[in-house]
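Two complexes are shown next, each including chain A; its partner changes from chain B in the first to chain C in the second.
Coming up: the complex of A and B.
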């Protein structure tokens, strides 16, 4: 069984206490920064900074390994594929048949791989340190309509449940001699229909019950809703916000106003 | 000030009692969208079909997007497909794809739901919906990987065949699902 992995783990670090809205903004701004930076060295610095934050978030090794495995595989793929499609530049390192592998292309490939590494890892800061509940709350605070926020919260809550349902229906159908790992890819996917139909029917019945539950708890009875827990920006959150904005603004100003090559 | 707000809430007559239309969507819709979104994410995550020859893998999340679009219309297709797939990306640790996925799968669900239900869901409409929706999805992923995420043309092109196969399989399975589920729950037809 694969099991559903939630990247979040309950800890008490400054990143966990930070307002989720600031973290969302940080992800967006650092992604923009990674897009702006063009030199390999600075991108590596940025990647190291993100990894340092991950260490500070005290993420568990198992989850970090699970996440980074994917990133590293992607970075290797990009480094290898880039020079094959980019044949500009002069110093030709070597040729494979009609393909010329040039030195600048290899460097550009590495740069782009590190940039993708930044894009990928910056999300882990958010996902390792923010619970799904806080994420939904932040989105609602940022202007997502409350009812859609509720639908999102419901879906986060039911993902592991349906994961288990799929697992047990799969076992049940296997016991009735359903073969899932033999035959062509089309055959195999068609076999999944006999798992997915019961799952969907079960889920739609759950939805009916859920609608009754919502109604019985007076969902939508009052138009201005109050919350038990409000997220509020504290002084430290404003400091973090300033730091995050400066992290983007300073290099951007250096590049576009002062004309420094970074 | 907080106390004032509290008092306002109490003064206001509950809308369920007054019978007026709430400014929120109905509880049925909230429950349905929540469940469909969760299903999309769970299926994306759980039904990975390993396919040894290419070392790539398929998942059937696509099938759920088409199922939602064909069974419940374009709105459900766009919201549940987009948000569900993006949530699966976030939870599985592919966060950098989440914004692209939201857009790509959302557009796919929207287009498939609009075109697929023309003339009450004829087979040609389904096929056309799958093709147009799939084209939206593949183009969005390609452009985003090439220009925005900067994977390079090579890696972005390498994704396209996998995506095409995924749409073809997801479309087939999604149509079958829509058919069988409607059969076993006739009230869904609408």
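Coming up: the complex of A and C.
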């Protein structure tokens, strides 16, 4: 799970420099576009466009592979399972017992798979190119209460620390001859109590200390807080914003106003 | 007493032969460590943060497996044994007691280990009572361990390890966060365990503890053993200690300063320095 939070890498590409608010909007609009497009071909084009952006984000192969592994598995699963549940249309390609696999259903399955692929990978662009700090900053700037933004930032920040602590707790109990994967299910779940209790105690202690630390740094002393680094839209951000809006608007207009099948 | 690697294996409890370990992240934490630990030794493994001393210690009970070389525990390849099996021979008390305390009473906590290694009821009880007595926890045996002071929590966690009656006891920074008196009490109990025959492996960067208790010092730096000697020998080379990011106890530093007037450099305790100086006055 921590792998998903570790997708960001410090690089200097136009995607990294882009205002995080524009990136958030781009993710939202491209997701809407994936909904609007109904033809497999155009969805594949959109997916290729997103993957091109991922390449331009210059993420490491390891991280990209880790992230795409899940999407590809999911896409294959959808393609395979869709025709089993959707039996409408003709012609019937072949039958397995009572199951009829129809040609339109196969195409619909593939279309949905690519659409889901678009939804998932477009988020990766954001996660590959935006640090958690910038993301939270953007959300706060967009109107999220600072308290919630801070809570979000802190949770991101502590997930790896938590992971390490749980490893250490596991080791400490294994050193007392605890065998987590031995015995009956009842015995195993009891074994996990010895991991769970120290973890919860650690979490509560950390939260307590953290609250004191925040207070001692005058958190909440003034209601209108100032920021060291303001995010500001630059000319290039406006250009990107326009491009992103057009990417949604043009196909949407083609479909709903001109009635083109896309 | 420094054991030779070719010594008879009768007394040899732990033998690392060119042990290497690389973390998944690619960090080479052990770069070929050869180390023999004999029965009854009081060994201190010292070194700065990141020198590899905790990684080394985790190899002794199989929490980490060497990515190269071998680890033998009681003459048997550690790689063929589970951590639970090795835990009967090598007890490991972690630095932070809060990483292991979870039971309702001190008594339950201490009996967790012995129960895990499959002993019968009376034996679990005998070992639990013994460990509680050794660590002087009898008065608080029914208290919840998590509500105790840090000094007591650490004692409970060490009791929970010695209740398995291991031949080797690994202690990772046992005095961190303790006041002078708590630390002294704890260290004298550990001294007593050593006198009774338990082999002690003390991991620390607190050189005062080393000077007062250990009889052999292994200095680690950058994943390698840079010095393996008796305690006096380890304190005679201040340059090496400094390179290993270690600070000798003040009395040893003073002795080194006074070495021009004939004070010997391997002073470990204030008493020794007083003796050395008053002897000087007689001459």
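Everything below uses one rule, namely that the second predicted complex is superposed on the first by the 247 of 262 C-alpha atoms of A that agree within 3 Å, B and C clash if a C-alpha of one lies under 4 Å from a C-alpha of the other, contacts with A are read in each partner's own complex, and residues count from 1 in each chain.
What we mean here is this: a residue touches a chain if its C-beta (ideal position, glycine included) is under 8 Å from a C-beta of that chain, and two chains touch if they have at least 3 such contacts.
Note that the structure is predicted; figures quoted are calculated from it, not measured.
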(message) With the two structures overlaid on chain A, would chain B and chain C clash, or do they fit side by side?
(response) fit
(request) Considering only the touch criterion stated at the top, classify A:17 as touching first (chain B), second (chain C), both, or neither. (result) neither
(message) A:158 in the overlay: touching chain B, chain C, both, or neither? Say first, second, both or neither.
(response) first
(message) If we overlay the two complexes on their shared chain A, which of chain B and chain C does A:193 touch? Say first, second, both or neither.
(response) both
(request) Please work out whether A:169 is in contact with chain B alone, chain C alone, both, or neither, and reply first, second, both or neither. (result) second
(request) Report the partner of chain A that touches more of its residues: chain B or chain C. (result) B
(request) Name the contact category of A:234: first (chain B only), second (chain C only), both, or neither. (result) neither
(request) Considering only the touch criterion stated at the top, classify A:214 as touching first (chain B), second (chain C), both, or neither. (result) first
(request) Tell me which partner A:178 touches in the superposition: chain B (first), chain C (second), both or neither. (result) second
(message) Let me test your reading of the model: by the given contact rule, A:201 touches which partner, first (chain B), second (chain C), both or neither?
(response) both
(message) Rounded to whole Å, what minimum CA distance do you find between chain B and chain C in the overlaid structures?
(response) 6
(request) Please identify the positions on chain A that touch both chain B and chain C, taking each partner from its own complex. (result) 165, 193, 196-197, 201
(request) Could you pull out which chain A residues touch chain B in their complex? (result) 2, 4-7, 27, 31, 35, 66-67, 70, 77-78, 81-82, 84-86, 109, 112, 115-116, 119-120, 122-124, 126-127, 145-148, 150-163, 165-167, 181, 185-186, 188-190, 192-193, 195-197, 199-201, 203-204, 206-208, 210-211, 213-215, 218-224, 226
(request) Would you pull the chain A residues touching chain C in the complex into a rising list? (result) 165, 168-169, 171-179, 193-194, 196-198, 201-202, 205
(message) With touch defined as at the start, can you tell me which chain B residues reach chain A in the complex?
(response) 5-6, 8-9, 12, 14-17, 22-28, 30-39, 41-43, 45-47, 49-51, 58, 60, 63, 67, 79, 83-84, 87-88, 90-96, 98, 148-155, 157-158, 165, 169, 172-173, 176-177, 180-181, 184-185, 188
(message) So in the complex, the part of chain C that touches chain A is made up of which residues?
(response) 58, 61, 63, 82-84, 87-88, 91-94, 96, 98-102, 112-113, 116-117, 146, 160-161, 164
